[in-house]
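Two complexes, one shared chain (chain A), two partners (chain B, chain C).
What follows is the complex of A and B.
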């Protein structure tokens, strides 16, 4: 896994932590199954799958829009049984389901508002009034592809980047 | 030395802050607020450089970024920076500048003899003069030209400074902070818009700093101060001085460079030297003012010939008198203020020379009141003097000639709106007859132009135009506000009458001073047929280099129009590409230099491999273990031989996690793969894997890899390391655009899995200790090309594939990346009893060459499946990407070079990659070339070198002896053509 993010968190900077105990499942709707998928998702999670670049939260789960008809389902791993296998069963035939828990490193920047440095470093408009709580963007920073979302409760920003790029991503994150 | 030309009581420089600097080693003093140019002029320095071709003495023509002449080398050592315009270089304490392009010194430049050879150096001289003999070009002509021509010298050392990059988003971007820009900024900011205001200078205010003006009863300078103070107090405003917008791009995106620390000797710790801004604006107001045009007359490049607006800048902004006696030469009303300012600075004005037959009475009165002689319908035909202007030869009505002594000729040929950024996205400027200038043409809907840049020249109309544009921009960006009040100012007319060049000139008359392009060169180009402005530019180099023709393009165009007897708009127009002015490469690179140029990707076993003493190699972005030396092994070949031998006789493990890995799901996944691979994948059984090849649409091989099927609707494919991203892009293109009707979902999972090759006759024994019961790994239960999902090491989800690249009994085992290191350590500890060895990319490569498998050197973007010996894989029962074009005659030609094997005839000889094959007794010439060696390795299994190569008529040459010629290393080796599989050609070892 990527190096500890903690060491890069200097004084006066937002606290950066890596989410390591999270199961991440990539869900992509099967063709013409979107309506049924939505019904099952709502009854499973208690929230609808976001149709636009948004992140929604329900007890024990965060669902991040990841492209048209695609989502990342993030659940605390803890000592639960095989989360992925359960989801694969639930959505069988409605969505393709892949365990991507080890594909990305996810970093959380605890900040209720974006710092100037963060705003300047991003190729998207991260202004407090533009990138609102619950917004998602698939973008790049410093030539590295990343997904970023603002936590729905406005307590921070999550960045997900491919695991093998996370050392370079942390270099960047350490500077903001 | 004292500042002899500094004028008491004038200028905005801070006289309480003197700054020491040197020019060509001579110490001088200037003030804070000076540019290098103004400080040199204050110290009476007029000669600052030598010209590009003729080494003519040159001075300072302008006071801005359009400067063609006053280019200097700034700083020293690693920070030495050539071609810096003295007119924009902000003075700082300790500044060191040197003149350029002179030998041995600025005042005595021996290469000025080039001026006498000007018939040789005329337009197109490169093409005409240095044609014969061709062999002289590289060794004689080019070095000679490079020594004689050219500008400054770049630093030889690495740039010690850091460069930053930043993004900004705004509702309204205002480019330029003169009267129009400032009013636009105030209007938009007051409406509440998120605003960015940029100016290329270190001080906001534009022309208001250089002209004597009154706005709402206060001086223009005071009005600038109060406006900037209001803007800085607003939270929605970002002010960016020292920032040049160098390019306009799609959808309101702009590139800008901020010179953060160019005005100090050395940036403070951690401070970037420059910052590259990426600005995205909903609306933009371009208010970049205008650039004064010179008039083309004889010796118009002599130090002391200066644009009239620059003369006023030096007087009013910098408090410097750029001469003692001046002649004002003009075709417009603006000359009046030049005269006033010169007089106020104590400069004697010897004459006003106006090309217009009738100069407005008011101007004549103002001149005569000062005792200035007025020449109407007249022109300065030639400047007199050598390294400094000593007089002007004036040709007046009826051809009378007058010589007037002076050391300064303030020239104005009218004004060109600075509309460059309006043309970056394809906008074509329009000719405006009354203004005798190009004005902006059609604009993107998110861009407006205000003030002088828009052809609006009087102060009152600039303020009004700016206010209107700023308000409109805010409204367009979604803000609802009342228009801001426009302050009061004078509305002086500026009449201009087009005048381009003086026919009566006796001396060289320069159109483009930076490139030494004269009026005669333009005439020559016309005579030789280079009449289009585009041809004119390329033939004469007019408009090229650091100033991009800001003072020469329109004059060159007008001259060509006269010569061809066409109107200016019929002759052409002026448009520009980014950058507006030069941007250092460092700013574009930003922090992406050295090891930060690209990411470094580490494999899951990296930490373990490092511990183990592996030697690493960069493979694309990856850092991979190349080989694993044991204590005492000093030679890489020994290590690799041992690794190969151990795999072939026992077992070895190699990290192959770098392969691209993609999940292909959906009810149509099989159909989809049938269309992207040349071979059939829909018939692959669940629990099986198959080798596959993909073609590009043009029929050339794109990539090879394997596909495994885990369920009817679930495949997993691998790509080569190098093509992982390209293949993913290709598949997404196919899915989203070609066949959106298919039920297919694609997931990149390269980083999800740690994947290791476990190869060798003892691989099964080792893996039996890794996989969890009750998985049956026996040959009958899990045969060659089987694939399974399973658990390993007590419950870790994993995957096992029986695939072999080495030619041995082999598996690829995968676990989620977080368990990768653990799995590698377990394979090593459990493998001890089997004599396991880790092996790196070198041994991997040796074994694939021994087996005759193709890889990157053969899959090189020029080869087809048939060239690679895989033509028979292509299914004839289905269509696939690249099928049709792979059958075109050029690709289906049986004589195309194909992959085949090579052995040295003398078994002790070494083979060389890149060597070309020539028939044994033929001469080593390009006509006799039969192909080349793509991959070579020393085969420890065979005890000699083996090679793969692309050879014409390969199959029919098996058994033939050829010469392999390596002209790079000067080696020639006899080789025998052999089948490409050197080792276990039948594949018996795979299936045991």
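What follows is the complex of A and C.
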């Protein structure tokens, strides 16, 4: 995933950037279609849909667990044709497929380890031994619902929040 | 109080919403005593002092309904299951009962 060049924080703080030009698609498995969905997902993306709160990456795609039998599929738009239409066609009958690109803002905090301020600000345990690279959590911060995942290469943390609240969320993020 | 969500792991109860008694089952409308059974289904609840099965919703987490077995006197939690599994299990039992 590429990031916008705009740094949103002051010097000596973790660099926070917004992931832009990203297609975000929500998949929810239809009842009793999980096995077929897994097969199609594996042949489409080259990786299995994570069954636990984890994020997996394959060339050009990041798949984030978003609840039981639900995932966010994130792909860089670039010059690609309509990514959502293609996914809707691929998973037709196996999953409910919804384009949530406009409803989610995704911010990346570049940090190999969580800062003390981040650890203190969140209700979940971010300790290295518990929140490992590739782990995902759906939780809330400062009364805002967020998804957070640690990048599999341990270079940072991504936060997805409803875009409507992104200004408030960024205010919170800027203080950590 | 912390609840061990089967999907997300252990979280504080600020992430959850409480609904109530999980043992209540919608009656059969075709039953001869359906009116009385629906009255009980809608209004009558036991005030349990001890372990009871309760429905909780993981509002700020994975949005799953859970059946939590909790001691109402001590808040000790004995078991947490996905409500979907409990409902399907109940349905399966009903289907196999002659």
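Throughout what follows, the second predicted complex is superposed on the first by the 168 of 176 C-alpha atoms of A that agree within 3 Å, B and C clash if a C-alpha of one lies under 4 Å from a C-alpha of the other, contacts with A are read in each partner's own complex, and residues count from 1 in each chain.
The rule is simple: contacts are C-beta pairs under 8 Å (C-beta built on N, C-alpha and C of every residue); 3 or more make two chains touch, one makes a residue touch a chain.
In this text, all values refer to a predicted model and were calculated from it rather than measured experimentally.
Participant: Per the contact definition in the header, classify A:53: touching chain B only (first), chain C only (second), both, or neither.
Facilitator: second
Participant: Between chain B (first) and chain C (second), which, if any, makes contact with A:67: first, second, both or neither?
Facilitator: second
Participant: In the three-chain superposition, say which chain, chain B or chain C, touches more residues of chain A.
Facilitator: B
Participant: So, does A:140 touch the first partner chain B, the second partner chain C, both, or neither?
Facilitator: The second partner, chain C, only.
Participant: Where does A:78 make contact in the superposed view: on chain B (first), on chain C (second), on both, or on neither?
Facilitator: The answer is neither, since A:78 touches no partner chain.
Participant: Under the stated touch criterion, which partner chain does A:123 make contact with: chain B (first), chain C (second), both, or neither?
Facilitator: Both: A:123 reaches chain B and chain C.
Participant: So which bits of chain A does chain B touch that chain C touches too?
Facilitator: The answer is residues 123 of chain A.
Participant: Which of the residues in chain A end up touching chain C in this complex?
Facilitator: Contacts found on chain A: 53, 67-68, 123-124, 137-140, 145.
Participant: Under the touch definition given earlier, write down the residues of chain B that touch chain A in their complex.
Facilitator: 166-169, 194, 278, 280, 591-592, 596, 598-602, 663, 665-668, 713-714, 741-743, 745, 747-753, 797, 816-818
Participant: So in the complex, the part of chain C that touches chain A is made up of which residues?
Facilitator: 7-9, 11-12, 14-15, 60-64, 82
Participant: Using the touch definition up top, name the residues of chain A that touch chain B in the complex.
Facilitator: Per the stated touch rule, the residues are 1, 26, 28-32, 70, 96, 98-104, 119-123, 125, 127, 130, 142-144, 162-165, 167-168, 171.
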